[in-house]
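What follows is a set of structures to go through.
Each of the two complexes below includes chain A, the first together with chain B, the second together with chain C.
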Partner chain A sequence: MNGLETTRISSRVILWIALVLLVVLYGFPFLYMLLTSFKTPLETIAVPPTVLPSTWTIENYASAIGRDGVVASFVNSVVTAVLSTLISLVLAVPAAYAVTRFRTRFGRFFIVGALVMRMVPPIVIGVPMIAIFRNLGISDTSFALAIAHATISLPLSIWLMSSFFEAVPEELEEAAKIDGASRLGALWRVVLPVTAGGVAVTAIFAFLASWNEFLFALLLTATRSQTTPIVIANFQTQFGLDWGAMTALAVLYSVPVILLALVLQRHIVAGLTAGAVKG
Partner chain B sequence: MMLRKHRQIPRRVLAGATGALAALVAVTLTGCGAGGGTTASGDDSITVLVEAGGHGELQPIADQFEKDTGTSVTFVELPYDGLYNRLNSEFSSGALSFDVAALDSIWLPTFAEALTPLDDMMTDDVQSDLFPALVTEAQVDGSFVGMPAWTNSEILYYRTDLFEDPAQQAAFKAEYGYDLVPPTTWEQYADIAAFFTQDTDGDGQVDVFGTDVKGAVETEWLATLSQTGETEMVVGDDGAVSLGDAESLEALDFYTSLLPYAPSGAAQLDWAGSQNLFNQGQLAMMRFWAHAYKQIPADSAVAGNVGVTTMIGGPGGVAGVPGAWYLSVPSGTSKQEKALEFVQYAYDHNELSVDTDLGLASRISVLEQYQDEPGYENYGPLIDTLNAASTIPRPANPQWQEIVDSALIPMIQKAVVPGADNQKLLDEAKAQVESIIG
Partner chain C sequence: MRLTDRRFAFLLMLPATVFLAVFVAWPLVQFISDSFFEISKFAGGPRTFVGLDNYVEAFTSGDFGNAAWRTVVYTVIVVVFEFVLGLAVALIFTALGNSSRIFRTIFLYPLMIAPIVAGLLWRFLLIDNFGIVNQLLTDAHILQDPGQIQWLSDPNIALFSVAIPDIWLTTSFISLVLFAGLQNIPGDVIEAARLDGARYPTILFRIIIPLLRPVIAVALILRGIDAARAFDVILIQTNGGPQQSTETMSLLVYRTMVRFGDPGLASAMGTIYLVAMLAVSVAAILFIWRPGSENQR
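Then we have the complex of A and B:
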């Protein structure tokens, strides 16, 4: 074994150790939450805490699901996240396309403005939204919450889609135009299929932004559109904390997004790679 | 070939997305969402905004209210901090989504201007059936803006298996010269806390502590402050800040003097942590809110071995901090009449809250009615603590929540670190409070 190979192996070992540490760092809180959800109520509050349940039980899951409003909040979360994702994509795709293809001064100002809007604290726009949605008659609806969530995901979506569109050679569109396609036709039939991975990535980020959002859900929902993050937070009250049920519901709420990420993993990686290299 | 392949994908996506979009838009534009109930938009319904933990206290009253009046009550549950933010936002925007709100006592001054006065409801008979501190708290600028729905106070919890153990009793008497009974004074509390800090299994590690010291909450120190005889809590009616005076130093010194008899990590210990420690059997005594008596798990280490008594007293006597929640009606709701009717009904049927998870009520007559019944042993100590002369409410200051978060809790967290200079911390906190209230 020569020196170069030794160095390569050492680097690989160090890399693996670093990776394992990172995975443990990120994964342990979730693992601990998962294990806690299977503990008895008394063991969830044990001092010092235990990692593995001494007695495994699904009592916490039954308790969480049986609580009023939990199932409805799940449905609300799905509806809101899907709607918010669609709103973001419908607005972000043409906006990003226009910015990247027309390259006007206004376009540059617009895309920087979108980024600046991303920096505005949500509470600043949350309070006016209460009055706006009430005047529009859409208070406490998933649609209103989805619009609010789109204010978070839209700037990010525009930036992401812009980077993906930048990576598509304009010659592709020109070829489509020669074949008789209009600009919109070229966008729809050529550019979007080529950037399908990027659209998937953008959709996932928009979905996650809505799925995990708390503040707007707190301010804008009541009985009809309350989402699960609020219900999870309700397990901690001024009079106590139901760790078992809270962790059980948090696990259940994590499952759909984990599955989504696993199913679309290839698209995410491909999309991120595509966005990283400009053609 | 490549392009043809890609051409097929968007069609499927288009069809699926269009279908999904149509369905979702149809669902949401009709104002549905899955919901957790129906919104209280009709004339025969009201919406009550409530902290998640307090919902259970009001549900039996709401059920009976609907039977008797035909008006349904929809509850919107929110976490404690979230409820405050929601109220703040809705009152700021003027767009209200509720007709009645259950408010923590410390929030009444903050939102008083947006609440309907309840002076007509607060008759002499009503006031005489409420604890004096609650009557004081319910008034802001001379007008009643909240009706107590339930109240709480810290009382003293102790382990009867330890206190009634003849060997422990004999050992305590030999060491301290008086009988081992639940403490009533600071001195007794400190003695017993020291005595019960023991290594019971002989492994060289303390496994039972005499008490806890909570660093992450402020109310227990405020109760200690009242026990010194301080007549104005932190901020006086004239805006003078009393932090740093002899009483506040005495309170903080006693508070932190218990650290050797408490588990480590006091700076981060809050209510939930303290309750867990006691239920795990790791504390011999605990000063805690009265509702915890009904929350002791049947399979906990201390189940069946918990006694409760009146909160301890200092140089100024017994004192607790009233922890009442009030029902208030926003002046902006269009359902004033029904909202006020519900608040009156909740007072009239206060006894319906007794048989709930927390089992708390606000009327003296209701607490007295149940205090001798099995399972309600916490009521007597609660009544005595709230009736104690030194028990005073927290200041009616709109900035109180900020004072707590920015000055009091940080001060206590620093004070429970060994070697802390309590006078300096109090002086710093005083300056902080003065800057908050201007």
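Then we have the complex of A and C:
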């Protein structure tokens, strides 16, 4: 509630109409994809196009799931996203803690470095990575892709975790240390439990960054570790333009994370605004 | 021996530092060093030092200049549309107060969708002959026939059309961030302005936007960086076409590297792209965001 909220009935009515229109515009694309995925393959490319399916069918879902590599790609997406989230958290949590608590010169250099790395276009580091993973003997594995994805999520995680640690009063650790806890013990048993919400937010963003990533997956995976975004993109060349199966697979891939967003809404908003609003 | 705080802090940062050095800095160094070599497209082929030849070739090729210009245009389109739409939505949410909560949740959902899916989806919506957008526009008598606008196959408008999914995906980010910022504006400032007889546009441009400046700056810089790096969303819609009208820097570097198999030239182009990105972002951070300046609230 602040000075910008309007109470005049006429303005509120106009604003509600504008908002509903915007939401319809905003929601329609995905709704249309959802409806299309239940049409027959022939109806998906009908001229003129229809909004509602004339016959509802799950044929597209059956054909999408039945294709070679589709189920495996889902497993790969989950494994890669979980691995890269873990890598990101394990590295970001201690680093962000050190940056916010011990304000050393190296810490300042480190946090600026992390910000700079957020600006590097992935295409620039993706190609040299191919050779690095080949030399490490982990080409075309989910682990290699998870490492690549962690190069995106780690700088973000460091920034997010720093802003969450910033909010924890230092007296908390002082008290723990007086009680005989080591510095590491204070971080592990006192600070981390208080910032559990922040860790969860960071984990969600790291997971999403990997789940939705395309370019590294394109460069670094072949058949064995390829993730679903690659399979979705391949639908258009490999099998002609099969919009029905493609929309079905896109729905299957997006619905879990959309549900996640609705359930964890508050956390996601907290993460999106953490870095930016504090400035 | 007890560790000093400085050593302890260093040890905590060490694993992340090593990781970033090995998997970001080292590939970066290799990429930049590649730009000074003529490299055979076959693995294990010859690699000859050519100095700045690749840079000369990049700067003199029309493709490079065009792609750089398109990247700028694409970024400006995305950021301007997202800012205007995002601010409008944030102001509506604020004006309606708590009753707009459900809609804030609905607005969140595109942020979860993969750019590749968004690109495909919009390609499907905008496709020439059976796209639903043109059909609905025709039904509404805005278009005479569905083929009138060739969103993705008319080179004059394709760069704008490919930006639509990007705008659709992340306007929510801008509105949520600005909405959070708006909640921090003290109500009495607005009240005082109202009592002085200030109209809404005056309040918006003289009070709200100046007060929100740091928040706006961060949001726009983050989005600008992402838009300038956009790859998958464009690749899946047009693959850079028609007639290269949507080929931005990311796509040009990718095409030169992977399709044409000229890693040396691609690296030179990518290095210039990288340096330009860093220079523009650092300038933006210093001059627009101005962290720590007295303007900050």
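To be clear about the criterion, the second predicted complex is superposed on the first by the 234 of 279 C-alpha atoms of A that agree within 3 Å, B and C clash if a C-alpha of one lies under 4 Å from a C-alpha of the other, contacts with A are read in each partner's own complex, and residues count from 1 in each chain.
Simple rule for what comes next: contacts are C-beta pairs under 8 Å (C-beta built on N, C-alpha and C of every residue); 3 or more make two chains touch, one makes a residue touch a chain.
Quantities reported herein were computed from a predicted structural model and do not represent experimental measurements.
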item: Comparison of chain B and chain C by chain A residues contacted; value: C
item: Chain B versus chain C as contact partner of A:164, first or second or both or neither; value: neither
item: Touched partner set for A:143, first chain B, second chain C, both or neither; value: first
item: Touching partner for A:29 - first (chain B), second (chain C), both, neither; value: second
item: Partner chain(s) touched by A:38 [first = chain B, second = chain C, both, neither]; value: neither
item: Partner chain in contact with A:194 - chain B first, chain C second, else both or neither; value: first
item: Contacts of A:216 with chain B and chain C, given as first, second, both or neither; value: neither
item: Contacts of A:69 with chain B and chain C, given as first, second, both or neither; value: first
item: Chain B versus chain C as contact partner of A:6, first or second or both or neither; value: second
item: Which of chain B and chain C A:79 touches, first, second, both or neither; value: first
item: Residues of chain A contacting chain B in one complex and chain C in the other; value: 45-47, 123, 126-128, 131, 233, 236
item: Touching residues (chain side chain A, partner chain C) in the complex; value: 1-6, 11-12, 15-16, 18-19, 22-23, 26-27, 29-30, 32-33, 36, 45-49, 51, 87, 90-92, 94-95, 97-99, 101-102, 104, 106-107, 110, 113-114, 116-129, 131-132, 147-148, 150-151, 154-155, 158, 183, 208, 211-215, 229, 232-233, 236, 243, 246-247, 250, 253-254, 257-258, 260-262, 265, 268-269, 272-273, 275-277, 279
item: Sites on chain A touched by chain B in the complex; value: 40-42, 45-47, 68-69, 71-76, 79-80, 82-83, 86, 123, 126-128, 130-131, 133-135, 137-143, 146, 188-190, 192-194, 196, 218-219, 222-226, 230, 233-241
item: List of chain C residues in touch with chain A within their complex; value: 5-6, 8-10, 12-13, 15-17, 19-20, 22-24, 26-28, 30-31, 34, 89, 91-98, 100, 103-117, 120-122, 124-125, 129-132, 135, 146, 168, 173, 176-177, 180-191, 194, 208, 214-215, 218-219, 222, 225, 228-229, 231-232, 235-236, 249-250, 253-254, 257, 263, 266, 270-271, 273-274, 277-278, 281, 289, 291, 296
item: Chain A contact footprint on chain B (complex, rising order); value: 3, 6-7, 9-10, 17, 20-21, 24-25, 27-29, 31-40, 47, 51-54, 74, 76-80, 82, 85-86, 89-90, 92-95, 97-98, 104, 263, 272-273, 275-277, 279-280, 282, 289, 291-292, 295, 297, 299-300, 358
